[in-house]
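Shared between the two complexes below is subunit A, which pairs with subunit B and subunit C, respectively.
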Partner chain A sequence: MKCLVWRESKFAMRTVLGLGLLLAALGARAELVIEITQGVDNPAAIAIVPFAWHGAGAAPEDIAGVVDSDLSRSGQFAPVGRSDMLGLPSTEKEVFYRDWRAIASEYLLIGRVSVTDQMRIEFDLFDVLRQKKIYSGVELGPVNEARMLAHRVSDKIYQQLTGIRGAFATRLLYVAVTRVPGGKDYFRLTLADSDGARPIVLLESREPVLAPAWSPNGQEIAYVSFETNRPAIFRQNLRTGAREQLTNFRGLNSSPSWSPDGRTMAMVLSKDGSPDIYLMDLATKKLTRVTRHYAIDTEPSWMPDGKSLLFTSDRGGKPQIYRYTLASGQTERLTYEGSYNARARVAQDGRNVVMVHQKNGKFHIALLDLVTDRVQVLTSTELDESPSIAPNGSMLLYATKYAGRGILAAVSVDGGVKFRLPARDGDVREPAWSPYMSRPAATKQVDNHLKD
Partner chain B sequence: MSDSIYAKPALSRIIVRPILATLVLHALMLFMLTSNWSGMDEQRIIKARVTPKVIHARLVDASELKPKKAAKAVVKPKIKPRIKPKVKPKPKPKPKPKPKVVEKVEPKPEPRLSAAELAAIARSELSQALKSEGQAQEAITTDELAAGYAALIRQTVVRYWSRPPSARNGMEVLLALQLIPTGEVVDVSVVKSSGNTSFDRSAVNAVQKAAQFPELKDLPSREFEKTFRRFRLLFRPEDLRY
Partner chain C sequence: MKNITVAGKALTLIFVAVFLVACSSNDTKEADEAAAVAASAASAASAVAAAQAAEQAASAAQAAVITRLEDAAATVGNVFYFEYDSSTLTPSAQASVDAHIALLNTNEQTIRLEGHTDERGTRDYNMALGERRANAVRDYMVASGVAGYRAESVSYGEEQPVAYGSGESNWSQNRRVELK
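Now for the complex of A and B:
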């Protein structure tokens, strides 16, 4: 019996050993991990306390107010109303987190503004939930650029909280048309801040002005003007106001588009027959013909790497987007969804393309994802045209009709946020969003001396 | 010699071996129940499930076997002392000791359920279902209880998670949470960053905003200690545009 038990226990031992190994393979006891794969993406609540003004008289600009409207417009933030604030701190010492937690604010921005010879904005950003300061910054600049300095504060906050560079301290070009019943209309090429504020007229003409475009460094612009009684492409330096006529060919001269390196300009000319895409070397003015087709090829737009161009062509019967690769000379069609896709503009990521897309007989702005080839309609308005994407790729601006007038509207690339830019008198069309601006004051000398 | 020994008591094969095996298994289970198992490397991911699907077999077996064990009292005392000491030392060196929770039961691998299915289930319903299950039905396995509460935590956090625009599908941030039995979050820290601070912050903020999972109050304290005193949240979006 003893022996038997021993044998049995040996058997048991083997079993135990086997099981032990099995368990070892399965691993030790694990800590629970819950996986979160979805979210709701609500805008983050941020309290932007009016910045303290240290100077004589009234503050020249409500900096916090500008930041507030910037962040609000982005759709990523829901600023807290000033009347809900339980205190108005301007220094870190005065911050009581519980006050901000009480009104469910996730972030808190405070700041101080002073002016000596320059305006100085100091600001601190706090994470209310974690009760700590996450960013401090200073912006310095001329007093008359106060709004641009405020936009730069917005850029910093936006980048801190979203991980994406802000594009508030950028500018817009657009053409405003004032109708003159029974007479000739006024066309005004206008430059404004990204929020539509501080418009400056760069060119005023009784003949059409079209297709404004930015140079990659944001210091020059190009456009088509009919002031010589035929369409011609001009370039203009924003700082000096110097202007140069680049083309004067018979027929169409249109759609200037600066290459990312700033040396070449793509354009549409019909001097050799039907409209085709050409490249002009801006230093030598030498032209290279890119497309050669009896159909209409138009609206060139550079890919951010400068190696290929997108353009619109009706070579397949209907307008569609094509891509021309410079090195190979190959042309490929990119859009197949819908019977009308035109005027493509590419985001800096080289992936998102915005374009005019016709659906059910209406013209919308749509986003084409070059990786997935998916087309997503972003707008619900009906006569949308001229999309222009922000340098950080988060928003795009387009022209549409509202209450019988041409206005500018914006939509986020995910389609979630939409707003209209304040409409001024007349029709507004052909917006062009600037690239990032290294110097906010670069255009301050531009004024209205170019009146036709 | 050995042949004759085995040949004689046929009962040894029919009865003793099964009993021994049973005892070994019980001993193992006991060990698993009482020992302090923890593992950092091997993380158990509960894709929280809601509908109870029970593997009752284990429990029923155990209750049925116990009386039998007692009946064979003759064998038991002899075997027990021999086997027990052998069982314990073996697995013991394996688990990495972790200052943690008193008692633990290791559940079986969890079944997986799609996020969409889970999202469809209303939170309140779930909470109620959990309560009744937890209190009324003794039969429900601890796995399922844990999975149910995990689903609840998951749904709560999802409602508060607002991703920054720089978030991309497949980014991952792992947070360690510490709770007290009221369900209140007393500590949250980033264990493994995604590399994107805004994304990490969005995850931490989701937990901070949730602040408490009050339903955990209804959880038996044993179960709370075992699973929810400390656990981890893995944030890995799958529903973004890209």
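Now for the complex of A and C:
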């Protein structure tokens, strides 16, 4: 047995090293590929001119290119092709509005990039029709975080033009799986930028890894791993790589969900019989049982105010969404439309809930408005699951099947914008969109847990 | 047959021992004593041999029974299948589990019951459903005399499919409990 574990670990180690080399060779090349399938009817035309590079050698990153693809992906903008541009200004003095009116561009973004000890990106946004500068900004940060700085430029532009804070400078967790028919699949818990670039494998295992979740400050994650031959909940610090096994109970140990204040983790345990929701105080590890029902109670998710939890229960015969209020201990059923509503996630506004909803035998992602109780189906694919909403509430990521493979897909909360993020190979699933990050943080890649 | 041969060999050995003791002694009294000791040893040995023979016969019979039960369990296999969204043992799954219960009731082996689901529905709900299936098998075993501590339920939900594709032909293979 020991020998087997050792051999497996050597194999897994090789794979991790192999991936590292692959990543080094590909640079920022993503495991995920973005395919935009549907945008808004009249996206705003914006010209994003390549930013001038004031430094030695070649520019380390095409900042304007990153901004261009971010804004395209939002579905609300139609960037002008570079070959259509009649000039390539990088300062306000070089801007001739007629050049941009001539190609029907409503907005114009120009910028300058330089590097001393840090990278400095200066940029200016113009309204072509009104012929005026509407925003100027500067982003500063480490050169190796150039892409994240570019996403921060996108966030600023998006906010200026839509009034909504951008969520491009965020990250994704997902589980990538390599199938091994007749054997054990490879599971890789992966962290990437919100556009799928710069993937980092945080954990690789031959046993299932699932249910990744973010801490509210974006510095830690939690997930379920079967590496001990049983399900157990782990937490992991992204900066230091420190890892802690939080549970090891007989039965289910699933669905970790961090409270908004970061102190408590909701989880599902079946140690006392049937699956119930428990709260763990992360400082003392003390457990409090929240639900007591012989039915399945699972998939807890906090309301943004931390005062109540949504969860899935089949106490009514079929899985439906319920809300548990901590102060009163009261439980109320929230969904009545359809025979299967599960795995709710709440937007930061505390109003929009995304969930898995079965209709005509097919599983879609639906939006439940907690004020009007209206349910709106957002997706038309089948076998949709694991919705995860962006911190600005504009888009949500989910997992689905496409051409027989597990892929990630995104849809705006109004259903108007859609894109797919299939993996270059293998299956991807269980996206978890990070909260806003205060600043770009270096991530420590964790060695394979089987190493010892 | 084999046991009788063994007992016969034991008696032969005792007679040889008596003969050797008698021959090595010049004193008649000593020889008589030796003969008496040998006789009583012989009678004790024959009782032990008979008991051994009976025991061995019984264990051979039991081994044959266990072999038959093992064969029966191997024939039904160690995977029990379920209907969609159900954790009720189907008649055919129950018959398969029965074969394993018959075997488990002859030993003290501990087992693992790994519950699995198809890909439909959410992953964490399926994790709970897989446990329900594993527990259904465990509860049925316990009701049939297998001590509860011997069977551990572990759910893998939809994470370890046997068949990767969609559609009932694949799904039905994945809705299962594996006995390990």
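Some observations on this one:
As a convention for this text, the second predicted complex is superposed on the first by the 400 of 452 C-alpha atoms of A that agree within 3 Å, B and C clash if a C-alpha of one lies under 4 Å from a C-alpha of the other, contacts with A are read in each partner's own complex, and residues count from 1 in each chain.
Quick note on the criterion: contacts are C-beta pairs under 8 Å (C-beta built on N, C-alpha and C of every residue); 3 or more make two chains touch, one makes a residue touch a chain.
Here the structure is a predicted model, which means the values were calculated and not measured.
By the touch criterion stated above, A:Y186 is placed in contact with neither subunit B nor subunit C. One of subunit B and subunit C touches more residues of subunit A, and that partner is B. Of the two partner chains placed around the shared chain by superposition, subunit B is the only one that A:L32 touches, whereas subunit C remains out of contact. By the touch criterion stated above, A:S254 is placed in contact with subunit C alone, subunit B being left untouched. Once the two complexes are laid over each other on the shared chain, residue contacts for A:F168 go to neither subunit B nor subunit C. In the superposition on chain A, A:V268 makes contact with subunit C only, not with subunit B.
In the superposed model, A:V40 lies in contact with subunit B only, and not with subunit C. When both complexes are overlaid on chain A, the residue A:W302 reaches neither subunit B nor subunit C. Those residues of subunit A whose C-beta lies close enough to touch subunit B in the complex are 3-5, 7-9, 11-13, 15-17, 19-20, 23-24, 26-44, 76, 106, 127, 129-130, 160-164, 369, 371-372, 394, 414. Against subunit A, the residues of subunit B that register as touching in their complex are 2, 5-6, 9, 12, 16-17, 20-21, 23-25, 28, 32, 36-48, 78-79, 82-83, 86-87, 90-91, 94-96, 104, 106, 115, 119, 146, 150, 153-154, 157-167, 174, 196-199, 201-206, 208-209, 227-228, 230-239, 241-242. Against subunit A, the residues of subunit C that register as touching in their complex are 119-125, 127-129, 131-132, 152-157, 159-160, 164-166. Here subunit A touches subunit C in the complex through residues 179, 181, 184-185, 208, 210-211, 226, 229-231, 250-252, 254-255, 268, 270, 275, 296, 298-299, 312, 314, 319, 340, 342-343, 356, 363, 383, 385-386, 401, 404, 430, going by the rule given at the top.
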